[in-house]
Amino acid sequence: MDDIIVDFIEKPELENAVLIEGLPGVGNVGKLAVEHLIDEIDAEKFAEIHSLHFPPQVLVDEDGLSKLVNNRMYYKKGVGLDDIDLVFLTGDYQGMTPQGQYQLTDRILSISKELGVETVFSLGGYSHGDIVDKPEVLGAATTSEKIEEMKQLGVKFSEEHPSSGIIGASGLLLGLGDKLYDMTGICLMGETSGYFVDPGAARAVLKKLMKYLGEEISYEKLDEKAEEVEELTSKVKDMGGMQQQEAGGEDLSYIG
Amino acid sequence: MDDIIVDFIEKPELENAVLIEGLPGVGNVGKLAVEHLIDEIDAEKFAEIHSLHFPPQVLVDEDGLSKLVNNRMYYKKGVGLDDIDLVFLTGDYQGMTPQGQYQLTDRILSISKELGVETVFSLGGYSHGDIVDKPEVLGAATTSEKIEEMKQLGVKFSEEHPSSGIIGASGLLLGLGDKLYDMTGICLMGETSGYFVDPGAARAVLKKLMKYLGEEISYEKLDEKAEEVEELTSKVKDMGGMQQQEAGGEDLSYIG
Amino acid sequence: MDDIIVDFIEKPELENAVLIEGLPGVGNVGKLAVEHLIDEIDAEKFAEIHSLHFPPQVLVDEDGLSKLVNNRMYYKKGVGLDDIDLVFLTGDYQGMTPQGQYQLTDRILSISKELGVETVFSLGGYSHGDIVDKPEVLGAATTSEKIEEMKQLGVKFSEEHPSSGIIGASGLLLGLGDKLYDMTGICLMGETSGYFVDPGAARAVLKKLMKYLGEEISYEKLDEKAEEVEELTSKVKDMGGMQQQEAGGEDLSYIG
Amino acid sequence: MDDIIVDFIEKPELENAVLIEGLPGVGNVGKLAVEHLIDEIDAEKFAEIHSLHFPPQVLVDEDGLSKLVNNRMYYKKGVGLDDIDLVFLTGDYQGMTPQGQYQLTDRILSISKELGVETVFSLGGYSHGDIVDKPEVLGAATTSEKIEEMKQLGVKFSEEHPSSGIIGASGLLLGLGDKLYDMTGICLMGETSGYFVDPGAARAVLKKLMKYLGEEISYEKLDEKAEEVEELTSKVKDMGGMQQQEAGGEDLSYIG
């Protein structure tokens, strides 16, 4: 079999499109955000990606139906004030090896380029090791112009983390997109404890993104999920709080 | 050398055949079941598969004869009320890496397709972390029709494990068979403690499969093995029982 | 670069030759034995093998000269009563991954076949976890004829280890040699504690091999090394002996 | 994507050039030394190397700009008394797997050969496990002539470490350069504790190299960095000194 197999359901025709990635990662922030957005704006699935870079695994749903783990791409035309065409990437797993990460990201970017994508947003979590009440959104980008634009929306840029990096798909989409596909990239990372899935951080990230796109959506379902998690975390707090994670808080904290 | 080397002893001509897989895994349930079935219905070996995805190892038998580790395929024509042609897959190891798992499973399916296989049963164990007296058989399948059919035979489908998956060859045979080879797949998993090889769970799985095939076999040899293991486990029980495994019991418990 | 690079110094013309392998492994038994034999019968180096399956490393000798890690092949014509042509394989490392092991062994066998090799001896250690006074030599082979022949020389065949295997180059040379190159293979393993390099076990293995070849050599240098190690081990014994290794003694003990 | 992507900014024309490598490693000695030298003699960047053998990661600078991790090559013509052309290799990471190390080093050497490189200096650290006041510089080389030449400059060659090796890019550049590209190689390793980045060891290594090149540079910036680190280490010393690392100090200590 080929290392990566892409099944197209359709090939949408888009213009000057924006790719928005949310794959599993710290606090599952990116995946929660993108899946919520796909639901809210009713985006259409157009491709499934299977690969031997994913785990050899099927997922089983509540009825007992099995499904090979995959990544999925969706699109929605004409979103927001400027009628922006959007492409979405989410899925069950990221590539399991560095080489798998590079090969998968390169393929995603190649597909996106062909569809007309010129800008990439990668969404993820930024782990604190401490529970966060009002999560801020930290950013990184491939151009100074985008950094300025994002600052206007209240995204923080990390003077305090000069040597930090972004590991995984969120990082590579920026790096390879810039290097090989002439795309502008922005990474938005929601502050999160890193202990739980974090719908609150996903909401914070989405709010910045929607402001950028000039589109409004409901956050009700994310809020409900956030409340469930909050009940959990408040119990933990009552039990004496959470200790700071040792190390890791500095250099590896940007894991997308 | 090629990554995968298939030596055909013969190429059986089959019709609408069923592939039944039992490779090493949790409690060795699948391997025990398939090897017992091969013996009982006197199936014929038709292919040996060697691969650099297996460990670099020879096994040595009690006479001192060495044999390169492999997977093996067998067949038996006209089994059960409906004269079903069966193909079997068993072996010494599963592929050692995710990529090896994908490549080997793809090759097995490709061989099976050529032989006329249209349905795949993968057999495995479902680990509890606790000793099981009367093992149930849990299922997963690629179609709702097969799920209904299996429910009629008393196979349980896992409402309580919505996000679980099946890892390894048992999962991939369903996933890739469905995706790339247009095959229907069913996975049958016998409940097992996960601490010992479990001929009792293998028997439970086989019973469901034989009911489906409409064929009767003797379970004597499995029962003898089960008794030996039971002596062992009862000693452990006397020593104060076994503690539940931490974690793992939820999400990774379907390991085939 | 190619995955495996073979530099031939010369291409010896041999007939019905015997390949004798001794790469690093348990107690370094195989490597000690083959290097001693190469020295004693003054064999000629004819090939160096470099590969990205070896560690990315140079060794530095006592003068400060660096040398890329490699495997090396030697030959000696007309050894013993029957004028047997011998080929030797030794080196700094075995392949670092299963795939590397398969690819390297396959290449060695392909080179050997071309040179006229028909029989392979792989030499290694068999770990006990306990200090051994008079090491026995255990064997495995690809044919019953060779097993009988070896039994005549006092090599033990392991009724007590029915499910054991031989891992690494020593195992693969038998397995792939038999499967792909129509070669007869014999593995000789010297009993060893597994705690130290073991020239005594190497000597025991060599004695059986030389008896087979009908050739006599001096063991003086091995005996000197053995004495040095013995001083060390007797100190350990005085300190209260060595505890049996847990597990491992059964199934993984044949590691070549 | 290709496994290794080389972007040339320009292709300098050099003669009888010397490649000087300093990638991350023990005490970051090599990287500190080469980056300092690049700054001091104002070398020009001419190539960037991206690869799936590096981690899937972007680095983020203090402004929030992201950059795909890479290796970088620089050059400077006519350095020192003999107008030597220099090529430099530094970067964010070494290859992450043995195979990646081999492939990347081979590509670097192939590029260097084409540019006219005939000699390779690899710079690194030599870990003691103890804090070093006056770091010595240890060497290894591919020819006796270079060893003699280096001894004249006060480089130590390691009679006390006969079986040691140099692991990683620093080792492979010598090994593959010698084997495949007919280049002479010298490795210079600064003594270092291995606990901290060590600008002092980098300075010691650079001093030997500059003596060889017949060029003088300022070490002010390295001295400043060294002082900062020294403040740190003296605090540690006050707290009771540092225990010797167990093992490791012997055979793995040459890690470049």
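Lettered A, B, C and D in written order, each chain numbered from 1.
Note that in this section a residue touches a chain if its C-beta (ideal position, glycine included) is under 8 Å from a C-beta of that chain, and two chains touch if they have at least 3 such contacts.
Note that the coordinates shown come from a computational prediction; the quantities given were computed from them, not determined experimentally.
S.K.: Touching both chain A and chain D, which chains are there?
M.R.: none
S.K.: Could you give the separation in Å between the centres of chain C and chain D, each centre being the mean of its C-alpha atoms?
M.R.: 37
S.K.: Based only on mean CA positions, could you tell me how far chain B sits from chain D in angstrom?
M.R.: So the centre of chain B lies 52 Å away from the centre of chain D.
S.K.: Tell me, which residues of chain A touch at least two other chains?
M.R.: none
S.K.: Testing understanding: with touching defined as stated, what is the shape of the graph linking the protein chains, line, ring, star, complete or other?
M.R.: ring
S.K.: Show me, using the given definition of touch, all chain pairs that touch one another.
M.R.: Going through each pair of chains, those in contact are A-B, A-D, B-C, C-D.
S.K.: Under the definition above, what is the set of chain C residues touching chain D in their complex?
M.R.: Interface residues on the chain C side: 1, 3, 5, 50, 52-69, 96.
S.K.: Could you pull out which chain C residues touch chain B in their complex?
M.R.: 95, 98-99, 101-103, 105-106, 139-144, 147, 157-159, 161-169, 171-172, 174-176, 178-180, 185, 187, 254
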